[in-house]
Amino acid sequence: MAKGLDWAKRLYENRSQRAKELREEGKKVIGYICAFPPRELITAAGLVPYRITGTLEPIAEADAYLETLMCPYVRSCLDLGIKKQYDFVDGMIWPHTCDNIQKTFDIWKHYVPHSYFHYLDVPHMPDPSSFEFFAKELDVLKGSLEEFGGVKITEECLKEAIGVHNENRALLRQLTGLRKQAPPLISATEMTQVMMAAMSIPVYESNEMLKNIIEEVSTRKDGPQNKATRLLIYGCEIDDIAFINLVEECGANVVIDDLCMGTRDYWKDVVMEGDPLKNLAHRILGEIMCPRTFRRSRGTRQQDLDNRFSYIRDFAKEFNVNGAILYIIRYCDTFEFDAPEVRDYLEEAGIRVLHLEDDYSLTSIQGYKTRIQAFLEMIE
Amino acid sequence: MYFAGVDIGSTMTKVVIMDEVVLACVIGPTGAEHRRLANKVMEEALRQVNLPFDEISYVVATGYGRISVPFADKQITEITCHAKGVSSLFPTVHTAIDIGGQDAKGIKIADGRVVGFVMNDKCAAGTGRFLEVIADDLGLRLEEMGELSLNSKNRVEISSTCTVFAAQEVVSRIAEGTPIEDVLAGLHEAIASRVFRMVERLKIERDVVVTGGVAKNIGVVKALEEHAGFPVLVPEEPLLTGAVGAALLGKELTLKALESGRPIERGARRLEVATFFE
Amino acid sequence: MAFFAGIDVGSVTTKVVITRDSELTAYHVVPSGANYKMAAQKAMEEVLAKAGLSLKDIACIVATGYGASNADFATLKVTDISCCAKGVNHLFPSVRTVIDVGGQASKAIRVNEEGRSTNFVVSERCAAGSGRFLQIIARVLQIELGDVGPLSLQAKKPVIYTTSCAVFGESEAISRIAEGTPKEDILAGVHNAMALKIYSLISGVGLEEECAIAGGGALDVGLIKRLEEKLGVHLLVPPQPQIMAALGAALMAEERSLALAS
Amino acid sequence: MSEQKNPEATQEVPKRTSAKKWTESARKVRGLVRDMYVRAFTEGKPVAWVMFTLVNELFVAMDVVPVYPENFAGLCATKRVGNPFIDRAEADGFSNVSCSYARIGLGYAALWKDMGEIPSFAPDGGMAKPIMMVGSSLVCDTRYKWFQTYSRYMDVPYYAFDMLGPPASTAYRPDVREQYIKYNLAQLQGLVSFMEERLGKKMDWDKLDEIVRRGEKTYVLWYDAYMLAGGAVPCPFPAEDSFNCFFPAFFMMGEVEALDFYQGLYDEIKYKVDNKMGSIPEEKYRLLWGGGLPPWHTMQIFNYVEEQGAVFVFQSTYLPLRFADVPDRITDPLERMVHSRYEAAISRAELDRKLGLFDLCNFVGLGNPLLFVDEFKVDGVVMHWLRSCRGTTIGQVYQKNLLEERTSIPTLFLESDMCDVRDYFEADWKVKLSAFLETLEARKRAGS
């Protein structure tokens, strides 16, 4: 059995392997998309959470079911579903995060057979009534998972699951901390592999793997690469090393991210005291910094912007970056509307920005080389 | 000390050799089978100044084909090089629009440095290739297209965006008897409006300099001015700004290294055939 | 017994067909060139000469295709979608899906047992998925269009294009040649790229068992092979795939006259 | 292919971009639209920029003039003056696939700021400066994100609220109903508090009650008129007219004029149905506009179809809501609003279930076209893919697949955008529409 980063790399290259093994052993696997479904509930029900992703390969089958004028990431996920790549998944939980995910749920349900489906409505507002509504939605989800898993999720076991997932997040943060120094002890390419691996195995194994990796990485004398420029990457979904790898090859270290399959997913924990469902609702709706959730501000424009984006600026300071790349997937409306604001906000704070709007495909990514190099030359 | 800049574009390969001033500049085709023969253009430039290759202190390669040039010390993107070249010619420049064979770019410049850029290289519409394809189909020389179009009284609209279909549309328009200048004016406007709209994302500020091979086409330049609402500047030889910038950047790097006593980072350079794929 | 004609003024070629009693009497293909009017005129004259007929022997002419309006001698205009469906149905009555790869666009058409199109999709306004792409590549490789297919079949390692634009695809092909990539690998790469585009187009109408391919692109065995691989079905190819729409047009002309007569 | 905008699509207005109006009522709408913009300038009342969200009654009750940027964008497109606004927004970094309503709306504010005055080419005098903005998450993501960005150009307080739609699969369950109604009500209350604070006055609940009840009547008339027209042969009220006549329902709900308008519309349609008066002389094919916003920039394309004997007998984009009677025991007007909207969603969901579509969560009302092709004797369905609107585009292929599974009615997809003329190619549309009509002709003959 491989250890540490090797373990992660192998899993990254064959993501479904462990889930398939577990299934042979009689476990049930629950697929979920986006950072919003509470994995804690899935774990507490004795099920294995598995994050659904796409691929940068050309999309073919999905075009018979989905318009080509929508988020290529979701289209690619559906493409894999139709091609039976997610056959090992027993059930699906899809949240209402964006229009694309929301609507694709029904289509997936119609054409890809799984034995269990659950749609989780997520409010867009951060009001007390919204948290109350969402906690209720989580309760409904809990009930349906209990039924599917044939178990009762007691408060105790839910709290235990939350604890384990909090630990998972803490480990990821610890690992991320090792990127602060120059050169970063772990490269962004490695980090992406770790993230992808961590989201395809049960959380207990994931924790073990992460501890293993932290041990390995902390003993490194030097980072794998030492580049003059330190970058932050902001954006929606990056689930493949291709883009990050290209950036690193062009001569930069990506040292911190604000991505859906990156820090956005693990920066904040669930509070342990009190009603676990309310706490889960609070973390997901209140603390995941995704443009799909509205942030109220009754103050000035500046206060509003700080409220929405200052954490990115803080990341940039803390990790000492020289520039930021906004990686926005075309047709992703919530991110597209925020992008000019994020760009200006960071520029205002003295951080140079490269704004890319991508088709989520290998060919389009390869075409960015000159742009990335020119950007690096610009901020050197 | 001598410095060289090599700009291997999709259409043209340009080489500049300079010390304090530009000593030689050679423009050769990149196209078709010449593609890999960038070294020949270099040799021609060396011949002009009568220098052996080893005398050149530093060679910077730029442009679409910069990636695998065995005789360069360093690769720098055409965006940085253009900005450098343009601001050495026009210190007042704030926006550069470069329309080459394979792409169109907008570069925002402050104090001679790039502060922002946009670029299109996905679709041939709005690039020099568009004009090449049309010129080819009409049997025109690229040099005459601009002037010809200025005679137009009644610009036609080209309804196809795609270069391939636009070319066909143009040919049949002309067969129908539409005056060639009207068709050309329509084409130039099509390119200008496409490029202008892209560059507008940078918030265009004066002075605006237009470079790249398409800047030689007065029709496109006029159409760009129409969009901007003010005159733009065009260098005497708009093809060379990238190569000049590359040479200047090489010079800067060398001088900086000498000043600080650091060794100059050099490539193991050989004056031989360049490849296009990594 | 009257004769009928169908003329398909396409973006690349102009095709005429003369029929009698729903049987093919003569056909002719000329390049459309720049002047569609002239091409239409010429094609008509030449096919008449071939058949030993004159214009007044033709009872009804239906024009179709991109430049149909240039055939001013035609009685009627019908879209090439309906005509192509009709023509293919005449040869292959059991076919329910027709793929048409023309010079300017690719189409997928669903056909019913009557030879009527019941549904269709047409490719986008970009040359990347059309027959023109093939022409362009054939030109830069300096090979005849007719050799494209057979050569592509010999490919060992099809190239993967880094651009999807037909124009840049051309430049890329040129550089590939300079690099020493064998022509067949370049062609197979183009065929793969086109097959993928056409495949996603077909997804739009749904693929039915019996499937035929028409249009000039169907003359290309390389494209057909890649398409068959992608689609996982066998494609029926008419002996003269290019004239399917013209044939359909002639048949429409017959039908039309009969309807008027009765 | 991503970079295929037609760069040189003109800003010149063709002779006619709007369609001929067949009904008397449709002809009145233009005046109502103009009034909305003019009133905002002339009446001296506070102005709000609002996203259509089924809460117009609140503005009427608070004596605020609501202006709807969505409508303004459509208006600009009809006049073909939208593209300078679009260009301006794109120059600021907004994507060319972001909703073109939003690009026009944002570009308008940006140009206004640049020039220091309302651009002279803005139709109907433009949109007057608001004192507040209200958006919501109903329908699509754009609708709460877009207004958030307005602060780049103007300093106006913005309130966004949730109006969540229940999943169709569970909407009928009492516990689900309770959960949604409670939340939507709380959200509406939040909106009212915001308005009260901005306006410095309290809501007049009695007045609101009267307005809400008037609105309920209006909704019923709207629904009845549209449905009556849809089923009638020959078609008295083609889709291009109903694309006009939703205006009062969307943007004037609660006003007396809106009620009068739909009374008038209902009477007119009734009269035409009774007297078998069709909008075109010989109705060869009956079409359904099955999805997507109309091409505002080129509405006369409907006349092109009509010249060939086909008529769009119905459009299911702006579908009137079927309001079940709200029980009288509910006296709070806000609660009445929430209830009626929930019921409307349920009635669509029920219809889906009736058609055997039990599983739908998010496509409430997906079954509608299935029902319409049957009830309205439709020969073919046309849908419009919009490059910049996910809200009404996602699901069209699914809908087509369902139609194919269950009926033999063919579908045609057209592609362009609701406002951005650079995405519209007239020649393509004409060929596709003609071929489609030929297809229908073929099917007719095969059937007979």
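Order as written gives the chain letters A, B, C and D; numbering starts at 1 within each chain.
Throughout what follows, contacts are C-beta pairs under 8 Å (C-beta built on N, C-alpha and C of every residue); 3 or more make two chains touch, one makes a residue touch a chain.
Owing to the predicted nature of the structure, the values given are computational and were not obtained by experimental measurement.
When C-beta pairs in contact are tallied for each pair of chains, A-D comes out on top. Averaged C-alpha coordinates put the centre of chain A at 47 Å from the centre of chain C. The distance from the centre of chain B to the centre of chain C, with each centre set as the mean of the Cα atoms, comes to 39 Å.
If each chain is reduced to the centroid of its CA atoms, chain A and chain D end up 35 Å from each other. Counting partners per residue, chain A has 64, 367 as the residues that reach two or more other chains. Multi-chain contact residues of chain B, defined as those touching 2 or more other chains: 121-123, 161-162. Looking at chain D, one finds that residues 1-2, 4, 92-93, 397, 425 touch two or more other chains.
If touching chains are joined by edges, the resulting network of the protein chains shown connects every chain directly with every other.
On the side of chain C, the complex with chain A involves touching residues 161-164, 196, 199-200, 203-204, 206, 230. Residue ranges of chain A in contact with chain C, taken from their complex: 58-61, 63-64, 68, 363, 366-367.
Of all residues in chain D, those touching chain C in their complex are 1, 4, 397, 404, 410-411, 413, 425, 428, 431-432, 434-435, 438-439, 441-443, 445-446. Remark: chain C residues 11, 33-36, 38, 104, 125-127, 130, 132-133, 136, 163-168, 171, 174-179 touch chain B in the complex. Interface residues of chain D, counted against chain A in their complex, comprise 2, 92-95, 97-99, 102, 137, 140-142, 144-146, 148-149, 151-152, 155, 157, 160-162, 164, 167, 169, 179, 182-183, 186-187, 190, 359-363, 366, 385-387, 390-391, 393-398, 401, 415.
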